[in-house]
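Naming follows writing order (A, B, C and D), and every chain is counted from residue 1.
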Amino acid sequence: MTTLIQNGRIVTAADEYTADVLIDGETIKTIGHKLPTAGVDKVIDASGQLVIPGAIDPHVHMELPFGGTVSSDDFFHGTRAAAVGGTTSIIDFAIQYKGKTFKETLDDWHRRADPNCAIDYGFHLGVTEYEPRHTAEFAEVVAHGVPTFKLFLAYPGVFMVDDRTMFRVMQSAGKAGGLTLIHAENGVVIQEMIENLVAAGKLEPKYHAQSRPPVTEVDGAARAIRVAELAGAPVFIVHVSTAGAAEEIKRARERGLPAFGETCTQYLFFDDSKYDQPNFEGAKYVFTPPLRPKENIEPLWEALRLGYLQEVSTDHCPFHFKGQKELGRESFTKIPNGGPGVEDRLAVVYQGAVVEHGFSLSQWVNLTSTASAKMFGMFPKKGTIAVGSDADIVLFDPKKSQVRSAKTHTSK
Amino acid sequence: MTTLIQNGRIVTAADEYTADVLIDGETIKTIGHKLPTAGVDKVIDASGQLVIPGAIDPHVHMELPFGGTVSSDDFFHGTRAAAVGGTTSIIDFAIQYKGKTFKETLDDWHRRADPNCAIDYGFHLGVTEYEPRHTAEFAEVVAHGVPTFKLFLAYPGVFMVDDRTMFRVMQSAGKAGGLTLIHAENGVVIQEMIENLVAAGKLEPKYHAQSRPPVTEVDGAARAIRVAELAGAPVFIVHVSTAGAAEEIKRARERGLPAFGETCTQYLFFDDSKYDQPNFEGAKYVFTPPLRPKENIEPLWEALRLGYLQEVSTDHCPFHFKGQKELGRESFTKIPNGGPGVEDRLAVVYQGAVVEHGFSLSQWVNLTSTASAKMFGMFPKKGTIAVGSDADIVLFDPKKSQVRSAKTHTSK
Amino acid sequence: MTTLIQNGRIVTAADEYTADVLIDGETIKTIGHKLPTAGVDKVIDASGQLVIPGAIDPHVHMELPFGGTVSSDDFFHGTRAAAVGGTTSIIDFAIQYKGKTFKETLDDWHRRADPNCAIDYGFHLGVTEYEPRHTAEFAEVVAHGVPTFKLFLAYPGVFMVDDRTMFRVMQSAGKAGGLTLIHAENGVVIQEMIENLVAAGKLEPKYHAQSRPPVTEVDGAARAIRVAELAGAPVFIVHVSTAGAAEEIKRARERGLPAFGETCTQYLFFDDSKYDQPNFEGAKYVFTPPLRPKENIEPLWEALRLGYLQEVSTDHCPFHFKGQKELGRESFTKIPNGGPGVEDRLAVVYQGAVVEHGFSLSQWVNLTSTASAKMFGMFPKKGTIAVGSDADIVLFDPKKSQVRSAKTHTSK
Amino acid sequence: MTTLIQNGRIVTAADEYTADVLIDGETIKTIGHKLPTAGVDKVIDASGQLVIPGAIDPHVHMELPFGGTVSSDDFFHGTRAAAVGGTTSIIDFAIQYKGKTFKETLDDWHRRADPNCAIDYGFHLGVTEYEPRHTAEFAEVVAHGVPTFKLFLAYPGVFMVDDRTMFRVMQSAGKAGGLTLIHAENGVVIQEMIENLVAAGKLEPKYHAQSRPPVTEVDGAARAIRVAELAGAPVFIVHVSTAGAAEEIKRARERGLPAFGETCTQYLFFDDSKYDQPNFEGAKYVFTPPLRPKENIEPLWEALRLGYLQEVSTDHCPFHFKGQKELGRESFTKIPNGGPGVEDRLAVVYQGAVVEHGFSLSQWVNLTSTASAKMFGMFPKKGTIAVGSDADIVLFDPKKSQVRSAKTHTSK
C-alpha cells in the first residue's frame, strides 16, 4: 500500500521545507515537489500542517507493579494514548527481579507487551543485581536490540543498587556498546529522612517532596557521573528535575565526558507549590523525583536550549486517584509514585518550547523525537523524515488550540 | 536540464541515509529510493560518496585592498578555488570608506564581484562610521538581503570604531533584524604595544603575535558582547582564536544572550610556534588574529563540539610571499595581514573534526555549511539537501587521500 | 604623655582577647595583663568595650569640585565627622588637572587639607593625562608615600582616560611598585545612553540609574583587569556595586592575577527602588555608580566573605539637597553625583557584617581597617593593635544602639 | 617562672612587628617595646628570628594499629619529633571500635597518650558505628573538649560508614556544635578496583595509586558535602589531594555552605611519579590518598592562597620500610598505609609557601597554626601570640638552611 502526504511543511531536526512525502508500506520512499498521485492508494492533504517524525517517549512505565498496585495504563491503553498524542514509539523498562537473568526479564515483559501495543516499542533493561552469570548477557541483549541498562540509586531494598553494582554494570554495558541510565537520588539518606518524617508524624503528601530534597538528586547524578568516569563508560541521567543535576551533567560534558540526560514534562511546567493543595490533592503530584521549587524550571529549559539535556520524556506511570493514590491517605510513603504524560507530551513541549521559549521547530522535533532516536539506537529508522526511514509521521496543526482533560484522555 | 545523483550517502546536519537526488535546473526536486532515470539528462553514480550540501565560507576577503597592496585572490580565482574545494557559497566583506553610504559601498564591491564569481556569493557590510544619514539605511540593506554588519575593534585610524559607534550600529542592526559581526581585539592597547616593540627594534614577524596577545582578543570579545547586551541586540564574534574569547561567548550564552561566534581553520591546526621559523618564513603566518599558544587549540574544538562556536570559516585573504609579504621585511607592521584557506577548508575540517575529534558527519556538515546558512540568512535555500533547496551539492569521497600544495592549488 | 586602656576586648584582624594597652605619645608601647597604672597620665576603663584599630576609609572626596559645585564636607568638617564615627584615617583623591604635574597636583590638594584635618590622611593620585614628562614622576610619588593612582573610565571630556593611557599608567605604576585604582564604567556608552534619555525627555533622577546599567560597570571592571594583565600590573576596582563586577574580580583572582576591589556602604544596604521616590527625593541617591537592583546586594556580601572584595569604603562625597542636589531639578545630568558615609561606616558595617551576616569581629576589623592599611601601604603603622603601631584606637560598644540622622551628624 | 623573649620579629596571622614577649609560667603576660629584664628568670635574645605561635598539626596518627602492625611513632617519640620541628600541639584520632561508646574510645586512647606526650595534644573522635546509645554522647564529648568527629568513606569492612551513618553523625555533631571530618573516597568502587587489579596480578606498589584514582576522592568529597548540606551541618574534608576535591569545597563555599578542608605536605611537594621507582621503593609513598598526577599540585597551593583549603597538616603515620612496609612485598594491598611528616612540616611549608609561592609570613602562620586553632576549638589559647595565650612559641630562623634525613630525625 502507498500513501502520499501532500503539501505539508516538513520539519526535521535540521530542516524545514514544503514537499510531498510518498510512503510505500511502512517506509518513506520518496520526498519531492508535486509527486505524481497516479497509482497512489491514499492521498492526504497536509496543507497548513507540520509534517514531523513521530514522537518517541523513551521513558514510560505501562502496567508497572509498584507499591502493591499496578500503574493504571496497561500496554493496550497506554500505547493508544501515546498514538493519539503523536507518539509513535515508546521505550518502557523491563525490570529484573532478583534471581532472574536478563533474558528471562525481557521475555517476561515482552509477554505482556507484545499482544497489546498499538505502536512501536522497546525496553530499557532495569538491572537490580549483578552476579557473574550476568556478565555475558550484556553483549547478548545489546546484540538483540536492547542497548540501554537502567539502575536505581533509590528505593533501597527494592530496586536500589550500590556503587559496586553500578560500577560493574557501567563497565559491562560500556564494553558491550551500551548505555547506562540512572535514576539519580541518594536513596540511603532519603530513607533516613523518610523515617524521621514518619516518626515525627509528618504524613501528608507534601512530605514526599520534603523527604527527597533537590540535593539528593544532585548527589545521585554527580556520583553516577563519576562512577561512570571510573568505569570508562557513558551515562544518561533520567528524569532530571533540578538545576543542580543539570549543572552536574553540564560540568561533565565540559570536561569531555559522555554524560547525558533528560528531563520530563512535569518538571518543566509545575513546581512544588502543588503539594500545598488541601484534601489530599497533592497526592496527584506524588511521583519521584517530586516537583521542585520554582527556581529550577528555567534552568531546565536553559539546559535543553544549550544541549546539556538532550530530550524531554514523561516517566509516564499513572495511578488512579481513587483506589490507587488513596492507598497513601494514612502516609505519603504508601502513595504509589507516578503520574501521566505520554498522551500530552508532544503538544505541551510545543507550547513550552516553541511558543513560550522561542525554540525553533527543529529543536522541538529534536527534543521529542530525533535526539531519543539517536541516543537509544533507533536512528535513522526513527526520528526523522528521510527516504528509507520508517513512515512514523505525525501531522501537527500548530494553529489548533485544545483543552485536554481526564474526560478526553484515551489514557485510562 | 535534470540531473540524477544515484546511490550516494546523503548527509545533512541531522540525517544520514542512502538515496537518489533528482535536480531540476538549479533546484532539488525529488529525493527517493531508485528514482527513475528515464528522461533524466544526466545521471551521476555517487556510490561510496558522501552527498553533502555545498560548503559555505562566510568569511573571505577577495581582492581586498590592505596595507598598500591587494589580497592576491581576486573574485575570479578565489571563487574558482572555493568551488574546487567544495565551497559553493562565500560571503565577502564590503567595507565602507568614510563618507560613503551603505548603498554606495555595496555597489562598489558588487561591481568587482558580479562579473567574476564562479559560485554564489554575498556580502557582510563593514561599517566604519555612523552618521545620522546611515540610520535609515540599516533597514534598507537588510531588506535587500544583507543582514549582517561588520565592525572592527582593531586597526585604529583605518577601520576601528569606538564603543559609541559599536553601540549605535548594534542597536540599529538589531532593530532591522540584522546581526553585528565583530573583529574583536583591543586595538588601542595593541597600537601602544606595537609602538613599544618598534621602538625597541623588535621587528621580525614573530613580534606581530607578541603585539596582540590572547588577552587583547578576549577583551574585544567580552566588550562587544556587553555592548550588544546594552544595545539589546545579537552579536557574532568572527575568527575566534583563543580559548578565552570562546569562554566569553559561552558565558554569554549561558546567561541567555544571543551571542555567537566562529573560528577559522588556521586556529584549529596551527600554533604560534610557526613564528619561530627563520628566514622570514613566519611572515606566511602573519594574519590577524595571529596564531596562538598551543593550549588554545583543543578548547576551540571543544567549543565547536558543545556548540558555543557555531561554524568554521577561513578568513581567506592570501598574499603572495614574493612582492607582498615581503613588504614587511623591515618591520612586521608592514606585512600584509592574511592567509589562504577557502580551497582546503571542507577537507581539513573533515580531517580535524570527523577523523581526529570524533565529530559525526552531521556535525561536520553543520560546521561547514548548515550553521552558516542559518546564521546568515540563506537557509533553507543553502545549507541542506532537501526538496526545494538550491542544488548546491558536493560529492565527497571520505576514503580518498590527497596532498595539497601551492602547485596544485587553484588559488593564485 | 602616656595612656592606659584597661580591660578592653582587643580585636584585630586575627585575634580577640582581653588585655590592657599602654600608649606612649602616639604609639602603642605595651600590651599586657594588669599593666601597672603607676606613672600613667591617663587611665581609661574599657570594660565591656571592643578595643579596635581605628577605621580607615580609603575612598572619600572632601571639598571636591564637581559639576559646578563643591562637595559639602570640607576637610575640616569631613575629618571631624570621620573621627566621631571611629575613622582615624582617610584617603582622599588628588585629581590632576590637565597640564599639571603629579607634584603640582598633590601640592594643590595638600594646601587645602593640611591645615584642616583632624585625623591622619593621605591621597590617591587621580591621573587624567599621561605625557612623557609624567613617566619619571611615578617612582617619585611612590617614594613620597603615594603608591596609588586612580583612573576614571567614566566622565568623558572631564576625567575619563582611554585604554592607552590606562595601559601606560598601569605599566608605570606597576614598575614603581604602585597600584592602579579604577573607576570602572563604560563611559562612552553611558554618554550615548544619557543623550538618548535626554533627547527622549527622560530627566528625572531615576534616569541617572537607567543611563548607567550594571553591565556598564562589569564592562569597565573586566576591561581594566585585562589591560592590567597586559601591562603586567596589579589593579584595584573601586566602589564595586554589582555582582557582575565582583565576579570579574573573582575570575581574575582565580587565574592568579593581582586583582582587588572594594564596595561601599551604600551598595550593601540600599537598592535602586530608592529612585522611585517622588518629589525629587531620588536625587539624594544620585551618585556614581548608582544603586543597583536588589539581587546585587547579597553577592557583594558574599564577595566580602570569600575575600574577592577586600574592604568597604564610602566614596563619601556629600552634597546638600538644597542648593546643590537641586541643581538637577531640570535634568538628572545636572545633579551633583555623591552621597555621605564616612561618619556612619564603622557602625553600619558592624550591623551588616557582624549582626546580620555572621561575620566574625576580626573580619569586621579587617574590612574596615586592616585590609586597607595593607592594601594602601599603611600597615603595620595603621590597621592593627600591636606594639609599635600608631595608637589609632577606637573603643566600640557593641551593645549600644544609636539613631543617627542629619540632626546628629557632625558632617555638614 | 618568667621568660622574656627580646627583639624578635613577631608574626601572627595578621601582624608582623618587632617587640619583646614576657611569659609568666605557661602564659603570655606582656608584649611591649624594651620590656624590663629585672626579675625575669630567663632572657632569650631573638634578634633576627621570627617569633611565631607554635605550629599545630591537626592530623596525626601515633601508634595507630593498621593492617596488622602499628604506626612506628608512638606518642613518646612522635610528640618529641613534633616539638623538634616547631609543632607544639597535635590532634590525633581516637577511633571507635565497634561496640564501644565514645567515652570508652577516648579513655582507651588517652591511656596510651597521657603518660608519654611531650607537647599538648587532643583527639578527633573517629566514629565507625552509630547506634541509639551514641546520640546523647555527642553533646557530652563536645562539652569535654572533643568537638570533632571523623568518618571514613573508605576501608569497607574496617572503618567505612555508609551515607546513613554519615548523615546521622553530621546531624548529631552539628546539633552539638561539633564538626565532622571526612576521609573522602568512594571506598566501595575502590574495593572493586583493588579486587580487579589483584585478580589481574597487578600487585606492585604503583597499583595502590591506580586502585584509587583522583575521581574517587572527588566523589567522596562531593558526597560528604551534600550529605552535610542535607544534615544542616558543617563539614571538613581531611587530606585533600586532588584539584577536583578542592574545587568541590570551593563550589560549596561559594554557595554559602560551611565546608572546609585541609591538604597535607606530601600532596604539595610530590607527585605520583614516585611510584615508578624500582625495588619496592614506591612502597614508601603508599599512603591514602596516594600521590597524584602533577597537575594537582598548583591548584592545591591556589586553594590555600584563595582560602578554600584552610590549613596544611601531615597525616603523620609512618611505618618502617623494613618489617612494616615490607609486609606488602607480595601485594600492595598489604602495605601499611602511611608516611611521616610531623617533624618537617613547619619548615617545608615555609619553603613552599613563603619562598616558592610568595605567601606572606602571616599566611604561613595561619596555615600552620592559627587556622587549625580556630577550626578545632583551641583559639585563642593556641594559634597566636597575644596576651593571655598559651606561651607556645617558636623561634624560627628564616635564614638558616638545613638538610634533614632519616639520620637526623627524632622521629623513629
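Just so we're on the same page, a contact is a pair of C-beta atoms (placed from the backbone, for glycine too) under 8 Å apart; a residue touches a chain by one contact, two chains touch by 3 or more.
Worth saying up front: this structure is predicted, and the values here are computed from it rather than measured.
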item	value
Contact-graph distance - origin subunit B, target subunit D	2
Reference subunit B; chain at largest CA-centroid distance	D
Centroid distance [mean C-alpha coordinates] between subunit B and subunit A, Å	40
Chain centre separation (subunit A, subunit C; CA means) in Å	56
Distance between the centres, which are taken as Cα means, of subunit C and subunit B, whole angstrom	48
Residues within subunit B bordering two or more other chains	none
Listing of all chain pairs that touch each other, if any do	A-B, A-D, B-C, C-D
Interface residues, subunit A side, partner subunit D - complex	162-164, 167-168, 186, 188-189, 191-193, 213, 215-216, 218-219, 222-223, 226-227, 229-230
Subunit C residues within the subunit D interface of the complex	10, 12-19, 22, 29-33, 35, 253-254, 256, 302, 306-307, 362, 366, 370, 380, 384, 386-389
